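Once you've had a glance at the structure underneath, I'll fire off some questions.
Each chain gets a letter, A, B, C, D, E and F, in the order it is written, and its residues are counted from 1.
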Amino acid sequence: MKTLVIAPHPDDEVLGVGGTLLRRKAEGHSLGWLIVTSIDAANGWTDQQISRRKQEVQKISQLFSFTEVFELGIPTTQLDIVPMKELVGAIAAVFASFQPNEVFVPHWGDVHSDHQAVFRAVASSSKWFRSPSVNRILAYEIPSETDFGLNPNESFVPNVFIDISPYLSKKIEAMQIYESEHEKHPFPRSEDSIHALATVRGATSGFQFAEAFQLLRERM
Amino acid sequence: MKTLVIAPHPDDEVLGVGGTLLRRKAEGHSLGWLIVTSIDAANGWTDQQISRRKQEVQKISQLFSFTEVFELGIPTTQLDIVPMKELVGAIAAVFASFQPNEVFVPHWGDVHSDHQAVFRAVASSSKWFRSPSVNRILAYEIPSETDFGLNPNESFVPNVFIDISPYLSKKIEAMQIYESEHEKHPFPRSEDSIHALATVRGATSGFQFAEAFQLLRERM
Amino acid sequence: MKTLVIAPHPDDEVLGVGGTLLRRKAEGHSLGWLIVTSIDAANGWTDQQISRRKQEVQKISQLFSFTEVFELGIPTTQLDIVPMKELVGAIAAVFASFQPNEVFVPHWGDVHSDHQAVFRAVASSSKWFRSPSVNRILAYEIPSETDFGLNPNESFVPNVFIDISPYLSKKIEAMQIYESEHEKHPFPRSEDSIHALATVRGATSGFQFAEAFQLLRERM
Amino acid sequence: MKTLVIAPHPDDEVLGVGGTLLRRKAEGHSLGWLIVTSIDAANGWTDQQISRRKQEVQKISQLFSFTEVFELGIPTTQLDIVPMKELVGAIAAVFASFQPNEVFVPHWGDVHSDHQAVFRAVASSSKWFRSPSVNRILAYEIPSETDFGLNPNESFVPNVFIDISPYLSKKIEAMQIYESEHEKHPFPRSEDSIHALATVRGATSGFQFAEAFQLLRERM
Amino acid sequence: MKTLVIAPHPDDEVLGVGGTLLRRKAEGHSLGWLIVTSIDAANGWTDQQISRRKQEVQKISQLFSFTEVFELGIPTTQLDIVPMKELVGAIAAVFASFQPNEVFVPHWGDVHSDHQAVFRAVASSSKWFRSPSVNRILAYEIPSETDFGLNPNESFVPNVFIDISPYLSKKIEAMQIYESEHEKHPFPRSEDSIHALATVRGATSGFQFAEAFQLLRERM
Amino acid sequence: MKTLVIAPHPDDEVLGVGGTLLRRKAEGHSLGWLIVTSIDAANGWTDQQISRRKQEVQKISQLFSFTEVFELGIPTTQLDIVPMKELVGAIAAVFASFQPNEVFVPHWGDVHSDHQAVFRAVASSSKWFRSPSVNRILAYEIPSETDFGLNPNESFVPNVFIDISPYLSKKIEAMQIYESEHEKHPFPRSEDSIHALATVRGATSGFQFAEAFQLLRERM
């Protein structure tokens, strides 16, 4: 079995699916990581930022033992102006290459326009006759994205809860690789917040710690 | 693995889940059938009707090789006036006895008030700390119930498609056991309609024939 | 200003609104508590249970300094068979007596049929020309009720976040008065779960700890 | 063509569909009026109230020239405890007798439990193989019912606007027959409010005055 | 009466509205066809593809006896980067020229971004004071578009069913004009799938074969 | 306290929030006005139009005594092609400068793509750790925008009603400053329509005249 996580930006894969990825690995799945955006000098990022990002991606790749890492290299925060056709084609090409069975995608109600664009592109690129390997698609939740939307009709309504009790500490460790992202609670991506969210999702589902997802489509 | 189908009335299990039950059987699952309502003389049913119903239940039990059949015996078309507490308790007792992992339930938007009551009762009776065996709940669709609702906010939105290609003919054969129910198309439970619905669900999911469900909760 | 919390069962007021009630008190509001159901010998409760419930209500009343406590005394878990007319009349009478401005009610998507009935009754009893004092109605969330619904269209979508940072420890202390209700995590009403939920709601809203609500109607 | 309006209580037909009924009459439709509830001495109504109600129904019948008036005679405000089976049967019998093509029903989100029960019963009683004459079902809106719901997921979303410019004054005249119901604005059923709602619905649809409906099902 | 079908790409008009168009023709309506996108050499299409497309459009025009065919000529799969202002203006111009009364549009939940853009543009271009002829707008369903969306809040909820029993065979014949599009079931646009969908929609509405639509706005 | 209204185009602030702004002023709030778009010669507007627009903005500023007026100067009807990143940054800069507590925004379901873009940008720019002053966000309704949407899932569902009885006449007077916008009823922005909408919203909430809003987020 092969699991692919689609991350608009590095760190989405840890925040949304980190525990589940570690569990899938332990269950024997091959893991793939599709990073949609990148940062570059042309868009005003410093060499130091670019190089740190590269190191973060490398460390995360090792920690999760990703079989393959795909980088589309589209400038970050600009997916809303990239033609949908290109994004669909690029994601479909990754599906064709990696042949994932289970795919994790950002939620359509996320505040970031990059997340929204990725979600929309996956609907097109995952049609069964185009990408027949894909038989299970789930949306993950990202603190300060999925819970920050203003449109009540686009809220995250989880229907799948995955026990990550043995993996939470390593998920939090993974988040610490992203130096720039960690601040103290109530900053939504703090260690406390991640721990609390896993606890709440666990209380709903009967596990010590859980990650929650919204199943979008399964074919079996 | 154990699969339980909750049928407000006999024939719901065939119409909604017939192909999947046959597949689950082939995959080695134990199957349970919970029939919520019954017909009796006190409510104006003839001896002939009651006896035919008994035979139908028996034939269906054999055809699907149900490990256990549970009958709550509540008078049909009267679930809306049965105290919810009783219905919840009765269903929870079946969960405790059969210990199902996968449960199929009617959809909340079904027109029949019996279906609606059963759906509501399952939400209570399936809480993880009350019925820990239950880790996957799906709503099925019933022609002339699920597609006949007038409230657009309660429509069936399938997210799970199960390949029943090898089992459709036996599903239709099972429906023929319910003599009173089969009429010609466009009657919604005709052989043509059942065949067409399986074809449409298959086209959406890449199978010759499929049954569609709405996943309500999964914990793994 | 007067704040009324409507609790189908004692403990809902703490779980859903405990921190906010303490804050409202500190802000100078008068607090009212409407307990809709009760337990009695006729429905099979022991004298010990009844007497303990009485003591719990008394202790909670003192802890929150409720100006008034209203008890409708309808047998618990039976609101679905109480005529809606009676429930509407009884709640409207409390509105007329206490004259609340802000009212907290259970969410329509709660699993318990008692919660659903109370929600529906409030819609009728709070019409402005019937209960003109009521100018703000909010639905609260209850672990293992609001997050346990199976109907995705009835999910809780919070739009009001109230900072309860100074009050969380006293809220948890209040929950400990309900001896029968506290178990360890992942039991959804454990101290850990309550703490985690307040942390998650805080991360979304920029407070150390928060309670979340869904505003249903405000007139100003 | 035959048009039937289903009114839980007398005056719903005027408030919700009054202008359209007058227009349908002018267009040559036969009009039917199904009054679901009644008031009687057993439920505490005075002879005077009962007799006035009778006169109101008579005057309204004349004003709209209803071909047939059906009264189910179920005590008002008690439809939530009437078995759904009875209500479905009674409404289906009226469909069988009057053979309506177009049916107007209350909205599911109305605050009054009588309205909700009627809506639910119509879904069952209007199935095409049970009531083949019915080929168009629309929900109407009632001031202080349809706009007073607290559940945002049950709001009225009109998709049909009918020009009632020539009929608004007669609709308001009809409302004056119901003496007990008319008070001054902002009372929601005042002449001013009715006039304003027709103006607003007209502005949305390009008519001087309009009534708005939510089409639920049409088969042609 | 004039009916206009808006097709993002040729074949949408047949798949979504083919039977109804033939029926409208038989009922005496004038039919218009608005094709939004085109293929050209600049975007990498071969002369052969372009010429075949031209022939297909011609054959379809004849088969349906369209009074007028409008082609906006925007490159296919690129509507998401066309300024909305342009698209709105172009569609409004067609409304002004053809003066349609009934308009069929793609559904907002279709997977293809071209379909989504067309839907959004119609909302603007169909305002009553801008395009007063338009008094009825319906969304149609397209296999592998309308049923392939991943966002459950954007699902197609049909409320209008049109009997196309006498026209299904000619609709299927029309589809065969589009050589490139027909493959065998379970390919979603196969003859079997089209036949099955018409059967399912018929079972819901009491006709041998039907097309289903979602009424968006009607003013009469 | 500081209140900011975000208007995609001048006149949205009057139509949607005019009465409330006057009331906020009377209550002692500072008022800010953020005008997102402008008209210029490069996009084909005449000098006369540009100069009249300038005068209208000035007169409105005086009438409402805005403390600050911000103009982003993005060409009107083109927000759908402006990179979301720019729009988010520009709005966040205004939040940083004016430090509003209460913010009024257009509704996501408005027909105009400019309104939709502004709504989406606010979700990003109003995150609490980015714009901590913002603690209350409400969507307003605009005749012929908010009520003209074709997607029923995006309808305006008001939950906050603000009494503007003393301010309606001045709101209408303010609208008359926008000469180009006023026509007679049923034109949706006529004096009659504005008066009628305020009456309808008042009837729902118990005031002579009211404005209605949908609360999106409040943190207190």
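The definition used in the following text is that contacts are C-beta pairs under 8 Å (C-beta built on N, C-alpha and C of every residue); 3 or more make two chains touch, one makes a residue touch a chain.
Only a predicted model underlies this, so the values are computations on that prediction, with no experimental measurement involved.
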Can you tell me which pair among A-F, D-F or A-B shares over half of its residue-numbered contact pairs with B-C?
A-F
Quick one: which chain's Cα centre is the longest way from chain D's?
A
Same or different for chain A and chain B, where same means more than half of the interface numbers show up on both copies?
same
So what's the Cα centroid distance for chain B and chain E, whole Å?
36
How far is the middle of chain B from the middle of chain F, if each middle is the mean of its Cα atoms, in Å?
51
Which residue numbers or ranges of chain A touch two or more of the other chains?
81, 129, 144, 148, 152-153, 159, 187-188, 205-207, 216-217
Which chains touch which?
A-B, A-C, A-E, A-F, B-C, B-D, B-E, C-D, C-F, D-E, D-F, E-F
Enumerate the contact residues on chain E facing chain F in the complex.
81, 83-85, 105, 108, 119-120, 122-124, 126-127, 129, 137, 153-154, 216-217
Residue set of chain A touching chain F in the complex reads 77-78, 80-81, 111-113, 144, 148-153, 187-188
Where on chain D does chain F make contact in their complex?
143-144, 147-148, 152, 155, 157, 159, 185-188, 190, 192-193, 195-197, 199-200, 202-208
What residues of chain E sit close enough to touch chain D in their complex?
128-129, 132, 159-163, 205-207, 210, 215-220
